[in-house]
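See below for the structure under consideration.
In order of appearance the chains are A, B, C and D, and numbering begins at 1 in each one.
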Amino acid sequence: MGKDIREDIAWAQINKDVLKSLESPRKLYWVIIFVALLVFSVGVGCEIYQYNTGMGVANMDNPHVWGLYIASFIFWIGMSHSGTLLSAILHLMHADWRKPIYRFAEAMTTFSLLTAGLFVAVHLGRLWQVYYALPYPSERWIWPNFQSPLLWDAMAIFTYLSSSILFLYIGSIPDLAICRDNIHQGWRKKLYTLLALGWEGTDRQWRNFRVTYLTIACFLIPLAVSVHSIVASDFAMSQQPGWHVTSFPPYFVAGALYSGCAAIITLFIILRYVFRFEEYMTLPILKKTVRLTFAIAMVWTYLNCIEFASVWYSHDQVAKDVLIQKATGTYAPFWWAMIFCGSVVPFAMMVKKWQTNIPVMFAVSLLLNLGMWLERWMIVAPTFSHGYYPWTWDHDQWPSLIQWGIVFGSFGWFTLLFMVFCKIVPSVSMYEVKEMVYHRSQARKKEERAVQEELAVKGAH
Amino acid sequence: MTENDFSRRDFLKVLGWGGTAVALSGCGNTSIQDGQETVTSYVTLPSYVTPSISNYFNSTCAQCDAGCNIMGRVREGRVLKAEGNPNSPINRGRMCGLGLSGVQAHYNPDRVREPLLRTGDKGETITWDKALGLINEKLNGTKGTEIAFVTGGMSGHVQALLGNYMDELGSKNHFSYEAISPAVLRAANKKAYGESMPRYRIDKARVVVSFGADFLGAWVSPVHFSQQYAQFRKGSRPEGRGVLVQIEPKMTLTGANADRWIAVRPGTEGVLALGIINALGKAGLSIPADIAAVSHEYTTERTSKETDVSAEQIEKLAALLKERTPSLVLAGGAAEGYAHGSQNAAAIALLNRVLGNVGKTLEASASVPFPQIAPTVGSRSSLIALNDGLAAGKYKVVFSYGVNPVFSAPASMKFKDNFAKADFKVAFAQYMDETALAADLILPLDSAMEDWATVVPEYMAAPEGAGSNAYAQMSFRQPMMEKVFPDTRGVGDILLALLKQRTADKYKEFEDFYSYLRSAVLKNKVALGGKAGDDDEVFWNETLSKGIVPLKGIAGSVSAKASAAGLKLPVPTDADPSYPLRLIPAVSASMRDGRNANEPWLQESPDPLTTIVWDSWVEINPKTAAKLGIVEGDIVEVTSKSGSIKTQAYLFPGIHPDAVSVPVGYGHEAMGRYARGVGANVFGMLDSVFDKETGELALNETSVKISKTGQRVIIVKEEGPVGGSQAGKPKIAVQVSADKVDLSKEV
Amino acid sequence: MSVSNLLENWSKFRHTHPVDDKGIPDWEAYPSDIKWAMSIDLDACTGCNACSVACYAENNLPVVGKDKYSHGQAMHWMRVERYWDEGDNGFQAEQGARFLPMMCQQCEAAPCETVCPVGATNHTEDGLNSQIYNRCIGSRYCSANCPYKVRYFNWYNYPEQENAWPAPLNQQLNPDLTVRTKGVMEKCTFCKQRTYTARNNAKTEGRPVQDSDVQTACQEACPAGAITFGNLHNPESQVAKQWQSQQVDLIKDIQEKDEKEGNRLRGYRVLEELRPYPSVMYLERVRESAV
Amino acid sequence: MSKRYLLALYNNFDEAEAVVRELRNSEIKGFNAADDLVVKSPIEHPEVEEFLGEKSVKVQWFTLGGALTGGLLAFSLIAGSQAGFYSQMKGGKPIVPIPPDLVLTYEMFILGGVYITVLGFLICAGLPAKRSPLYSAKVSEDQIGILVKGDDGSMAKLREIFTRHKALEIQEEAGR
C-alpha cells in the first residue's frame, strides 16, 4: 500500500503541483483528447444522419419505442450521482479524504448530466420543438403537462444540473483565485480573473463561503436522491410490467451511486496518471473509495434481489413473464452479464491486495460501469419486447449501428468535456488539500503534545 | 416547418384544379396530370360542388368480377376513396380491402401513359392516330380467323361493342380467360341444379358445409357473402346462430372462420361428401335410391381412411346436418381443382339434394334480358384453346385486354413463346405487365375511375322482397374525375375508334363511347325502368346518379336434379415418392390472380392467416416441417415436374400434412414498383393437368417436393415471435362455446 | 394562468373521469353529452382486413414497404390480429383462427395521456384521446405506456423524404386531415374528421347526434358489419344498446354481470383489469361445440 | 480625512493570531479593530473566526426565503396554469392533481433555495468585487495577510506592531 498525502508538504508545493496540471500533463492526455474527439465525431455524424432521416434509422419500432438512448440517459444521470452527492455527504460528515478527489467528482457530475441532456435531444422525435416542454406563457394558455414524469425529470435535472454547477463553482472560487494569482498572461488570466470574482480570502468571504457551501451541500443530498427517484418514476409511474415496481426509486438511487463510484475509480486512476497526481490522489484514498463502492454494490445487489423477489412472489403474472424473459429470452446474455458485472465482479474489491492495485481496480471499475450500463438497458428494453400485449412482442429488436454510434459518441463527448475541464480548472482542490494537510498536522501535533505531556507527567514521578 | 409545407402546398394545388376538373369531368382529353389547366375560381364552380364538401358518384368496382356497386368520394375534383353503395343488393354499402384499393389503381404511378410501339427490344412513344392507324394497317389483309382477342370476363356495353368489332372483323376468336375461375363450379351447378350460378342463401341456412369454397375471401362474390355470413352468425335470427363447417386441405379465410375446419386429404372431397351421405342414411335420413347406390360403398370407415377425416367427425357432421335444416353445401376451388374436379363437385352437389336444400338455400337466379350485355365468363380452358391456336401459328394479330396470360399461364404451356409467334400483338394495358411487355403495341387504358362502362355481374344478388326471383341488374361505371394522365383512353373509346376504321358509317353518329352508351341506354329506356315519355336528359342523369339499373330479368329455376349416375371418384393413390406433397396454390382475398399486385395497400395489408406482407411464402404443416427439418424462415425450393420456385417457409397449422400451399399473384417480373420482384410466381410451376369434363386447368393437381436451400430469413409479418399465441393472457381474443352463451336477445 | 380562477373553481378542477376516487361515476367532468364508443362482434368479424385498408384510405396512412415493415415500423392504425387455439402440440386449427381487430381503445383513463410531457395527447370532451400532431415532440412516452401498443410513431418523413405517395398517388390523400411528418406519434382517432363534422351538422340542425350521422371508415367498410360505433350517452344508439344488453359498463373495471344471465353474455373489454376504461367493447367469438 | 491601508503577511496562523489579538487590544486613534481589520488566508480557518470574534452570517436567511418562495411560486404557478388549461383532461385524473404538483413544488423548493443562497453569498461576501489595492498572491499560497485601514496618524503604530511580530512583508497603500 502506498503512502498517504504527506503532512509536511509545503503549501506552495501544492499550488505548484496542481497548477502544473493545467499546463503540462502527460502525453496520454493529448491521446485521450484526440480519441475522444474522434469518438465524439462518430456520434455527431450518426446524429446528423438520424436528425435528417428520422428516428427510424436507430432501428426502433412501434412497440419498442425507447432504446439505448433512454438507457444511456439513465446511465449518465446515474453516473452524475456519485460526484455531487458523495461530495456533499462526505463534506457534511467531515471526511477529509474527500478533499483531493471531490473536485473532479463534481465535474464528473456536471458533465455526465450534460451528456444525459444530450440523450434527451438525441431521443426526441422532433428536437426542434423541444421548447414545447418549457412552461413559457403563450397566447393560448398552453402549458406542458405537469403530470408527466418526463417533465418532472426535466425539472429535477435542471435543478440538479444548475445546483451542481453552482456547488462546483462556489467550491472552486478560492482555487480560481489561486490560478488568477499565478497565471499572468493570455485568455486564462482573463478567465480566472473573471471567475474568481475578486476573491481575496478575507475572513468575511470565508465566513459566508463556509455557510453557503454547507447549505448547498444540505440541499444537494435530498435533491440528488429525488433526481434519480424521479428518473425511476419515468418507469415506476408507468403501467408497464417490469417497470411498475415500487422499489424502483431506491433501486435507481443505489444503482446511480454504484455506477458513479465506479466511474470515480476509473477517472481517479486516469487523472492520477495523466496529471501526475500521485502525491494527492493517494492509494489510501483509492482504498477508501473502493470500500465505499463495495458497500454500495452490496446495497444494489440487495435491492436487485428485492425487485426480483417481489416480482416473483407477487401474483402479477405479466411482470413475472417479463422477468423470466429477461433471464431466458433473447436478452439473457446481457442480463446475466449485468448480474455478473454488478454483483459478482465487486467481490474482487474485497481482496485487500487488489484494493490498491491500480490495474486491477481499473479493470474492475470498467466492468462495474459496463454492468451498470447493461442494467439500464435491461430495465428499458425487455419491457418493450415483452409487455402486456403478446401480439406486439418483439424479442429480436436490435439497435442499429446508428444507435450504437450515438451511444459510443456520448462517451467521447463526456471525456472531451471532462478532460478539457481538468485542463482549465484545477481538478484537485488546492485550498482544501491545504486544509486537509493543516488539520491533519494540527491533529498530529496535538497528539504528540499529549504524548509529551504524558511523558512529562511520567518523568515527574 | 416541413410538415406543413407538404400538405399546404398540395392542398392549394388541389384547390386550383378543383373547379375545372369537376366541370369537365367526362369529356375531352384534358387531365390534371400536369396541373396546367385554367385555374377556376370558386365563384364559377358547378352548383353541386361546395369546397370542402365531398360529392359522391355512383359507380362499379373493377377490382374483381363480383361487380360491387361503389360510391366514389370526390373532393374538389379528386376521387379520394371508394365507399360502398348502400342501395346495392350485392355489397349493401360495404367494401373489401381489394375494392378499397381501387383508387390506387387509378392513381398508380406506374400506369402506362402513352401508346407505345415496340421496335426490336426498344419501345417508342407514338401518337394515338399512329397507333390506331398501325392496327388498321395490320388488320388489312388479315383474315378474320387469323385474329384473336383475349379478354377477361366481360359484360355490358363494352362487351357488346367488342362483339360488334369481332363481327366486323369476321372473327369468332374471342377468348375469355380468367386465371382463377369457378368454371368447374358453373358446369357442375348447371348439371346439378340447372343453373350455373344459383343464388346461395347462406343467411337462410342453419348449417353451411363448404368444401373449399372461400366465400368470405375470394370466391365468386365475397362481399355479398360476407353480408349473408353476418346474418347467418346472428343468434337473434329465427334460425339461430348458423354453424359453418369448412372442409379443405388448406385453410382459407372462410376456413379460419369455421366452427369446424376439417383438413381433408387433398382431392378426396367427393369421397367425403359421399361418405357423409352414407352416414346420413345410417342416421335415418332417406337417401334417394340412385344416390344410395353409389354412396353405400362409402362406409364411414372407408371414407375415414381415404379422406383422413375421423369417423367420429363424419358421424358428428352427419348428425348435425340431419338435425339442423335447412343447410347449404358449397363446393369451391379447393375441391374442384383436380382432374376429377367435376366429379368432386357433382358428389358434393348430391348433398344439397339429399338434404333438401335446393330451392330453400339454393335459389334460382335471374339473368338480364339483353344477351349482348350478359356476362361472358372467363375460364382457363379458353386460354388453352388460344394457346393451341398460337402454337399452331393460326393467329397473326392478337389483342389482349384486361388479362395477363404471360404471367398466369403455367410454364409448361409455353404461352410466352407461343404468344411471340403472332405477328402483331396489341395489349390494352393499364400497367406494363408481363403480357404488355411481350406485345408489339401497347395502348394505355383509362382506369376504372375514369372510364365509362356498364357491368352485369355474373352472380346476381337480389334485394329481399317481392320480385327478387326475377331481379337482375346492370350497373354503371362512370368517370369520377378528370383523367389523371391525358393520353390514356377508355377501352370503349378505343373499340369505337377501331370499329370506325372498319365501318365508319354505322358509328359516325357516336362521337365517343359516352355518346354510344348514352344512346344505347336511352333507346331501351322502358326496359331500364323509365317511362316512354321521360325526358332523355332527366332519365339519363337519374339513372347515372343511382348507378344501379334494376331490370326485370329472366327468372331462372333450380331443380334438385343432381344425379349420382356416372359418378366415378378415383381411389386415392399413394403419392409419388419423388414428389410427395400436394401443392395447393392459394388464392387470397387481396392478391387474387395478381392483377392488382401493384397496389401498395394490398401488399402492405397482411395476409389474414399468415400475416405475411410483401412476399410470398410456402405454408407447411408443422409436422411435415419437423420431418423435413424445416423451420420458419427457411428459404426452400418447391419443385414440381414442371418447374420450381424458391420462397420462405411458414409453419402453418391450417394445412393438411400432405399438402403445401403457396399464394398466387406474387412474383411479377414487371408491372410496377410495388409488384416487381415481390415473391415468387407459383403459376409458372403448375403441371398441365386438366379437369376431365370441362377441360379446366386442375390447379391443385401439382405434386411437389421441398428441399432446403440453406438460407434463412426473418419473415416479414405482422405477428410477433409468439405467433398466434395469447401467452396465457385471459381476455384478449376470447372464444366461447355456443352452448355457453345466449345469443337470442342480442341487439 | 390564473390563481383566482384556481381558487374559485377548486372543486371543479378536482373532478375525475370516468369515476371519482370512490368509484362513483363523475360525469360532471365531461362538458359534453357525447361519448364515442365502439363495439366489435368477433363472431361476425372474418379477419378480412377491409377495415385496415379503409383506414389507410381514410386517414392518409403511409405504406412503409417491406424493409421498414420488417423493422416493425408499420403504420396500420387498425391491425387485425390472428390467434390460434393452443393445445398440447402447439397451435390447433380445428376451430379456425381467432381474429381481433385492434386499434386505439380510446381509454377513459388513458395511460398515454398522463405521461406526455407536452400535453400533446389529451382527453376530449367527447371522450376520445386526441393526438395533437403539431404539439408532439416525439418523446414516445405515450406509446411506452400504452398497454395495447396501438400508437404508431413516424419513424421517417414519409410524405417527403420517403416518398410514400409518389405522384400521382398523393392525390388520393384525404384533405380532411393532415399527413404526418417524422417524429410525431399517431393513432386511431375514431375518424375524428367524421365525428367532428357529424357533431357540427347536428349542432347546426339543433339536434343530438344520431347513429345515422356518422360511421367510422372501418365500420363503413366492414363487409360483415361487425363494427358498431356511436354515442354511448345516447340510449337510442346501437352501441349504447349493445353495451347495455351485454352488461358492460364503461365506468367499471370489473364488470358485475347479472349472475344468472350475465355469464351467458359475451361482451368484454381487452385488458380491462388495468383500469384504463377502454371505449371499445368486444363480443366474444362463438364456436359451435356440436360438431 | 484620508485613510491608508497596510498589509502584513505572516507565516502561520499562530503569528497572525497574536497580531490580531494585539491589534484588538490596542487603542490606536483612527483605527477601529472591529471594522478596519481584515484577515486574508489561503484556507478556510475556523480559528480566524474565533480570534476575530463572532460575526453574524446572514446567508441562511436568504436560503429560507428562497426555498419558500420557490416552493410557493411553483405550486401556485403550476396549479394556476393547469386551471387555465382545463379544457384538456388527462387520463382520468383531476385537472389539478396534487401529487405531481408536489413533486415539482419540491424541486422548485430546492432550486429556489440554492439560487437564492448563492445570491445571498454574493451579497454577504461582497462578491464580485474589485480586488483591494493591497493584495499579495502569497495570500492564496501559504501566507496569512492582515489588512488594516487607518488614518495617516495610526500608520506608524500599526506598522510597528506588524514589524514586532516579524511580518514577512509589509505593504502600504494610500486610500482610495
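One rule holds in what follows: a residue touches a chain if its C-beta (ideal position, glycine included) is under 8 Å from a C-beta of that chain, and two chains touch if they have at least 3 such contacts.
A quick note: this is a predicted structure, and the numbers were derived from the prediction, not measured.
More inter-chain C-beta contacts link the pair B-C than the other of B-C and A-D. Centroid analysis (C-alpha atoms only) places B farthest from chain D.
Located most centrally within the structure is C, per distance between chain CA means and the overall CA mean. Centre-to-centre separation of chain B and chain C, using mean CA positions: 33 Å.
The distance from the centre of chain A to the centre of chain D, with each centre set as the mean of the Cα atoms, comes to 30 Å. The distance from the centre of chain C to the centre of chain D, each centre being the mean of the chain's C-alpha atoms, comes to 62 Å.
Mean C-alpha positions place chain A and chain C at a centre distance of 43 Å.
Across the assembly, chain D contributes 77, 81-82, 84-85, 90-91, 93 as residues in contact with two or more other chains. Taken residue by residue, chain B touches two or more other chains at 714, 719, 725-726, 732, whereas all remaining positions touch fewer.
Each of the following residues of chain A touches two or more other chains: 141-143, 145, 147-148, 151, 388-389, 391-392, 394. Taken chain by chain, the contacts fit none of the simple shapes, being neither an open path, a ring, a star, nor a full set of pairwise contacts.
By the definition of touch given earlier, these chain pairs are in contact: A-B, A-C, A-D, B-C, C-D. Remark: chain C residues 1, 68, 71-74, 79, 81, 83, 102, 111, 114-120, 135-141, 143-145, 147-149, 151-157, 161, 182-185, 271, 274, 276 touch chain A in the complex. Residues 42-44, 46-50, 52-54, 56-58, 63-66, 69-70, 74, 76, 79-86, 90-100, 133, 157, 159-160, 166-175, 178-181, 184, 217, 220-226, 238, 241-242, 245-246, 261, 263-266, 268-273, 282-291 of chain C are the ones that touch chain B when the two sit in their complex. Of all residues in chain B, only 714, 719-722, 725-729, 732 touch chain A in the complex they form. Per the touch definition, chain A reaches chain B in the complex via residues 317-318, 321, 388-396.
By the touch rule above, chain C contacts chain D in their complex via residues 1-3, 5-6, 9-10, 12-19, 29, 31, 107-114, 119, 122-123, 125, 277.
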